[in-house]
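Two complexes follow with subunit A in common, the first pairing it with subunit B and the second with subunit C.
Our next item is the complex of A and B:
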């Protein structure tokens, strides 16, 4: 990762030394890719539009601004947790974030669904879906099956469990490939080490679903406590911005309270 | 019933029989009688006399053809226009088969809602709402059309009226080469130039945007 991550404000001038260029003359010159928070004003200006840390990845020739917010704007190929609000003739209408337009989820967009065999999702049920279409002119569209392969790959209805709200930045850290090193999020591993059995799904729209493990035997009470403890741990890590050591302490405290 | 100098007609007033007059703007036919529809002055225009065949005594001559009947019309006098304008002002409505210019208001995955601005060569007084359904955007591969790659809100589209539709909307189609988007604005806010039948290019940023482009005349 880049060593320097300056704080930028909207409208700041970015010094050209920070803009990565392909230093390797042998390799093909990759075009510079701008991520969220940056805007290209032709011919050669790059301007931040939000306040945050400017992150550059030289070997991929990309740069973006890392900022935290609570309002999710749908982007294609994002994994999200959607709440079904009602059913239409060909689509379910699912909510990705409060007070925004519903996303449409086709009835047949589930693995192995035909007109006769499709999942019946009552209002309030949760699905783990991928955003297929999102632009400022139309309502977003989501799918629960990969349209290329026809397989679900983990998408689909989420049974039981409970959903917790987290900030978008925390959701991104949880979804990182190496969330322990780079995202500094170790809460889930620590809770697992303490012996709790649970499963989670993280949506980029700021939602995390926690459920007691599917093969857990025993009474409902244990599962509910597990879910609540995991959810509380995640939310506290997020709101109080806990580091790894503090996460360790938090997990120990919560597990002790639970037992 | 009068064919003399223009007099006043009120809606519902009997003007004449359908066999004697041809109905013009501002009139309607009910049970073979011509009635006025508007409050205005009555005008009778005599048809141009077409040269007919030489009259033959043995031929049974049919009733006068409709083109030979005088046309009776009721026109509403406007305050500022002169007498000549009163004759020409008439209400233009889009009809089936008319080519219209419209502006895209809203897009949904199944249709584009447009406001019809110009019908033929006449700029309309009121904007009529029209719909371009996703199966009427193109003539080929109708099921694979994506509205977001054909129209965007704010585009000016040349379309053809295919149906008068229901109370709210006309139904339009762009399923011909010369129909489609004629004026588009890019995401950056610049007017774009067409590249081919499905792409517009922003001259300042160089970015391409997908539209269903109308073939220029």
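Our next item is the complex of A and C:
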């Protein structure tokens, strides 16, 4: 990983020394990959468009600007939590963020769905979906099934539970493969260690769904207290920018208050 | 209020908005919220670019023609720095609430002639740029604005940066200039009698304030402090404000 992470503002000049070049002659020359927050002005200018830290990964030949915001812009293959707003003849219309154009979710893009067996989703129900098409000139499209394998892979309607809003940066940290080491979020593991049983689904659009699982004594149904504690722990970790040690304290405090 | 006070700013003051900023300088305090890109109303929808909607609310009373005029100027300059082509058919909404002004807003100031309130423009402009940066709206460049007045003094003419309401009253001409971080002139509004030479002086003074060359190398802090170039260094101010925001956001890195 790069050690130097300079602050960039929109329109700043990025020093050429920071732009990674594929130095490894054994490998085939990989094209430079630009992530969010950067804009390429032909022929060779790379200009930041948002304020954040410039991150470069030389061995992957990629660079992006790391920043936090709260308005989601759809990007293909993002996992999102969408709210169904209405159903059309062939599609559900689902909202990814407030006051933006609805995304379309085909009736048949659920696991094993046919015209007759498709899930009936009333307005307001939640789905965990993947963005398949995101284009500035068109409304986004999402799916609840992997179109390659026909399997749901954990996507689909979310029953019970509750949705909490979080910032986009925090959602990204929660979705990291190693969120504990790289993202410094441990709050979910800590809550699990305290004996709470719950399920979560994190949407890249700044939403997290929490549901209480049936506990060890076989009590079915959602444990509302657990859901609220988990949601509050996540939201406080996000808004108060808690470090790992503070997360530990917060979890202790919330669990004590709950019991 | 004197112009010597340093600008102050806070980002993310409104938790529900996508981005927000509070800025105070030279007696003016303005809070801004930015929401966007969101769905535009049918009549504002443009097939190829985002519509930038600016709303200015005065400290007292409801907005009138004066506010509409300020809105139209801000709207056209902000459209230039936001990458509007990235968000076709959408809306980026900037709401600016004036909280405090050095003049008394409660006195009924019926204007004989419609004139632009020049002194408030820099505060409005700076606040909207800060709020846009806090919302993470993609932009071409950052920008800064300043107000400059040419005031007659003992027979000679003096250039005053961030003039007070009293100085504006006696001034021969008042100017507002904004520059992008690439040192391009973004906005130039003038009022009163002035010569080309005077305007050139005003331009130079404003450019010094908005685009003082930033010392990008670390460890080489601003050395210009001792010799005051007549006003605050807006570019350095913007950068340090954003720096604290970004480090707070990315505390986990």
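We adopt the following convention: the second predicted complex is superposed on the first by the 250 of 259 C-alpha atoms of A that agree within 3 Å, B and C clash if a C-alpha of one lies under 4 Å from a C-alpha of the other, contacts with A are read in each partner's own complex, and residues count from 1 in each chain.
Assume a residue touches a chain if its C-beta (ideal position, glycine included) is under 8 Å from a C-beta of that chain, and two chains touch if they have at least 3 such contacts.
Treat the numbers as computed from the prediction; the structure is a model and nothing was measured.
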Task: Fit or clash - subunit C, subunit B, common subunit A - done: fit
Open item on the list: On the A-aligned overlay, A:137 touches which partner chain: subunit B = first, subunit C = second, or both, or neither?
Closed with: both
- [ ] Using the touch criterion from the header, give the chain among subunit B and subunit C with more contacted residues in subunit A.
- [x] C
Open item on the list: Please compute the subunit B to subunit A to subunit C angle from C-alpha centroids in the superposed arrangement, rounded to the nearest 10 degrees.
Closed with: 70
Open item on the list: By the touch definition at the top of the document, which applies to A:101: first (subunit B), second (subunit C), both, or neither?
Closed with: second
- [ ] May I ask you to decide whether A:66 touches subunit B, subunit C, both, or neither, giving the answer as first, second, both or neither?
- [x] second
Open item on the list: With the superposition applied, I'd like the minimum CA-CA separation between subunit B and subunit C in Å.
Closed with: 7
Task: Overlapping contact positions on subunit A, where the subunit C interface meets the subunit B interface - done: 137
Task: subunit B-touching residues of subunit A, taken from the complex the two chains share - done: 40, 42, 104, 133, 135, 137-139, 141
TODO: Going by the contact rule at the top, pick out the subunit A residues touching subunit C in the complex.
DONE: 5, 7, 9-12, 37, 39, 47, 49-53, 66-71, 73, 98-101, 136-137, 169, 173, 183-185, 239, 241, 243
Open item on the list: Please output the residues of subunit C touching subunit A within their complex, sorted ascending.
Closed with: 15, 18-19, 35-39, 81, 83, 86-90, 133, 135-142, 180-182, 238-239, 242-243, 245-246, 248-253
Open item on the list: Quick check: in the complex, which residue numbers of subunit B touch subunit A?
Closed with: 106-109, 147-148, 152-153, 204-206
